[in-house]
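Please go over the structures that come below.
In what follows, subunit A forms one complex with subunit B and a second complex with subunit C.
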Partner chain A sequence: MKQSIPKRPMMKEWHVIGFTIFLLLVFAVILSAQATGVGQDFSSEQFFDLWAKMANPDWSYIPDIITPLLQTIQMAIVGTLIGCVAAIPVALVSASNIVRNPYVRGVVRFIMNLVRSIPEMLLAALFVAVVGIGALSGVCALSVFSFGMMFKLLYEAIETVDQGPIEAMRAAGGNRNQVIVFAVIPQVLNQYLSFFLYTLEINVRASAVLGYLGAGGIGLYLNTTLEMFRYDRTAVVILGILVVVVLVDALSNKLREALS
Partner chain B sequence: MTEKKGNIEIKNVSKVYPNGTVGLKDINLNIKQGEFVMIVGLSGSGKSTLLRSINRLHDVTDGEILIDGQDITKATGNKLHKIRRSTAMIFQNYNLVKTSSVYRNVMSGRVGYYPAWKAALGLFTKEDQEMVKTNLARVNLLDKYYVKARDLSGGQQQRVGIARAMMQEPSVILADEPVSGLDPKTTKLVMNDLKKLNEEDGMTIILNVHSIGLALKYSSRIVGLKEGRIIYDKPIAEVDKRDFKEIYREAGDDSSVEAGNDVEED
Partner chain C sequence: MMVKKRSFYEQSRPYIISLIVLLIVIWAFSGIQFSGIKSSAGQILGSIFSGLFHPDWSYVYSGHGEDLVSALIETLAIAFLGTIISSFIAVPFAFWAARTTKKFSVRSSSGKFVLTVIRVFPELVLAIMFIKAVGPGAFAGVLAMGVHSIGMMGKLFSEAIENIDRGPEEAIISAGGNRFDALNWATLPTVMPEFINFTLYRFEIAVRSASILGIVGAGGVGAPLIFALSTRSWSRVGIILIGIVVMVTVIDWLSGTIRKQLLK
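The block that comes next holds the complex of A and B.
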């Protein structure tokens, strides 16, 4: 046998580039930690006090957090629903296989990218300022967030559908809406439901914390128990959130498996 | 108009693709209701371009295409959709929604008859649901009614495509290599389905093929294309097998002619 695998150049053989980048990253982490002063005013006393109290949860607090926990889930569901439904037409308009005009698509995508670039917590803070303290501002924040997220997932799904049925429906005399109903929706429906559940999962987590900013739900209790140094109750709140998140994730995963 | 529908007049049609490729060059073709025209030609000769110009999946650069007197090259909006509805198309890769049921795919042939919201809610009339059954029965696939399209064989998918086309109640069927990729037996099934539509329902059929054998067996007229021009156009009675040696020889390939000889007659 004369043939053999050609020898790689030295640089590649020893992964020089990858290794250099790794070293640079480590260096950057150390530098930025020093610059920002991470870990300078750390009090180990307070830290251990927190853990000691958290280790003995105040179980009698459970009945108090049931209602806000349910409210958190409700907020997540309503927010996800509003955002995900609103995302449908916008995603369609952004998909290059539905709307041919690149300018229309470009403008819509640009606006949507702006929307998506606002972090969820900032949205919540904004809505608390505008709408006022309460669940409504939480729902608003979650809606806008879901809107941005579903938009991106959905328009990418739409752009990758099989073009064949779309062409067939055009050839059969369908106008744009008819083509969408007959050729696009059937192809993305399962993905859409799956994205919906995924968004819901994220929103349940997020809405648990939103209350911290006054946007309703269990987060408020997180805030108050911490402020009153009732870490034994904080522990119950955190456990409650944990249970809800795990349950919702498990349910959503099961459903998504069934969908695929 | 009282005369039967399904007449196509192609007048001085040329097509240049945006990148400068010449697809069609000065095509003149008059196809009468009830004809079964097969278009033959080498790969790249413009067969698909011609077919797709007829229902305006492609815009032509020049000329006009009259379908029962209406110029599709200038039609817009509702008028365009109506003309397209009367010219059904069958595709080489079937173009079914793979994840939808056979029923849903066949029903989608009625796309042009339902407002989007009604279709979205699945509000199809009793008559149309009956029509789905009738058309599926005609292609012998009624037992696949609830099956997902992706679980069918290629030949079965193509016949679902035919049932879908029939839902349009068209007067013309355009078929772009509908049997490429199918085995001889399935090819026969599909071709016989189309033949039935031609003979029993009087639909005009225009079909692209690579196999001269099929053209000789099923068509009533053969049109040969080469580099976007019509170089051959004869009714089947006047066709001589040796003609095709002429069409294909220049490319140094006459295997299609050989293949044509061993298609059995019955």
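The block that comes next holds the complex of A and C.
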């Protein structure tokens, strides 16, 4: 008995799709390299000069940056708090197991997706133009940013809760508010707190550079030290940011582990 | 039956935690001055919105490179190149940082530490440093993006390596293969879909960050936006914002579709 191996179709035998994707990627790399002017002279002299200056930090600058570092954390907390609280009603409206009307959900989600697509630095630039220089514009930018982020995380969490308690509340004659308070909130509370901490982590990182545009916090010192070519002080500012970010991350990770 | 009485600490724990949280919130609000709003704030907000609804369409495409389309293409190119570069460099970092045994290992802890340091180093500062080296322009943005992405992708990749099934690797080793065989025939094929998935995810984020690099002069759409904001040409601010929102939305949708196909 003669058996032959089934022949693979031409497309698969020569890996047409794989090769096409590979060629397209190479083509895209070449095009983007042209668009960005890759391959300009890399003056390693200047670059290493910068690193050499930063390798000798001016430790006496530490007392000056403690207040702005604390302000950075304050901005992150206030911004996260405002944004995350504001996201709760909007997330409820766009969850399919709370609001049955698909058009209402669609419109809310569409608007929120637009809000979410603006990077926080651009929000900060806009708010500095509107509100003026200072920590308040940073807080506004962080609020809007965390609003969009928390909205998405929260409505997805609400949509995946156990339907049993919701149906039980409805069957027992509960209205929508009672369903939310007694069936939805107890199920998502832990997740909400964990998302809150996660948003806070991201906001601490973001608020460290917001000041570069004049939106308060440590970023302003980044800007001034760089402009005055005091790279030894820039190094201290960056180290300060690193310490704060690592500490907040570690704390928030501990708390999130305790929550889950 | 006696109910075991809870200790004083257990009883008061919720109140103590609430008090601490409340104190932190009060402290945070005390540091922000809410009174410093400019008197013209409402007027400027109004002009921004009117700019959004009456955008400067003539800026979209002018044909000689100083327009929105070329700025957006440059932004995409920065994000794309930065992500591609770092997706390759991140792989060895990921194997360095992946914890493959239950025990504490110096190798993986040191790798994780290095990745954390790279990750929390602000992207804008990197961009400023590279501008010193290569001059202002998109190239500096590409370098900054490439270095910064290593930290995040290395972390995601190493978590993917930690989570895979060790069975195929052990099978190859016990069948007489060496470690390179195990890597080539068991580990890489298993983690590749995850790697591509995370690379696409990182690309979504990179597009967002690339659009702000222009603020420090590292190319992309950020520079014309800051310029338009400082010259108060609101209709131009409007069209640039619309351009960024459209670009980010389209990229998110595209990458989301590909990722869904990949993970099926």
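To be clear about the criterion, the second predicted complex is superposed on the first by the 229 of 260 C-alpha atoms of A that agree within 3 Å, B and C clash if a C-alpha of one lies under 4 Å from a C-alpha of the other, contacts with A are read in each partner's own complex, and residues count from 1 in each chain.
Methods note: a residue touches a chain if its C-beta (ideal position, glycine included) is under 8 Å from a C-beta of that chain, and two chains touch if they have at least 3 such contacts.
Predicted, not measured: the structure shown is a model, and the values here were computed from it.
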item: Superposition on subunit A - do subunit B and subunit C clash or fit; value: fit
item: First (subunit B), second (subunit C), both or neither touched by A:G174; value: first
item: Partner chain(s) touched by A:Q187 [first = subunit B, second = subunit C, both, neither]; value: first
item: Subunit B versus subunit C as contact partner of A:A52, first or second or both or neither; value: neither
item: Dominant toucher of subunit A (residue count), subunit B or subunit C; value: C
item: Which of subunit B and subunit C A:L24 touches, first, second, both or neither; value: neither
item: Touched partner set for A:L81, first subunit B, second subunit C, both or neither; value: second
item: Distance in angstrom between the closest Cα atoms of subunit C and subunit B, superposition on A; value: 9
item: Subunit B residues touching subunit A - in the complex, by the definition given at the top; value: 55, 57, 77-78, 81-89, 91, 93-100, 104, 108-109, 111-112, 114-116, 119-120, 161, 164-165, 168, 174
item: Subunit C residues touching subunit A - in the complex, by the definition given at the top; value: 24-25, 27-34, 36-38, 41, 44-45, 48, 73-74, 76-78, 80-81, 84, 116-117, 120-125, 128-130, 132-135, 137-139, 141-142, 208-209, 211-212, 215-216, 219, 222, 225-226, 229, 237, 241, 244-245, 248-249, 252
item: Of subunit A, residues touching subunit B in the complex; value: 162, 164-165, 167-175, 177-183, 185-187, 190
item: Touching residues on subunit A, where the partner in the complex is subunit C; value: 25, 28-29, 31-33, 35-44, 46-47, 50, 70-71, 73-75, 77-78, 81, 113-114, 117-119, 121-122, 125-126, 129-132, 134-136, 139, 205, 208-209, 212-213, 216, 222, 226, 234, 238, 241-242, 245-246, 249
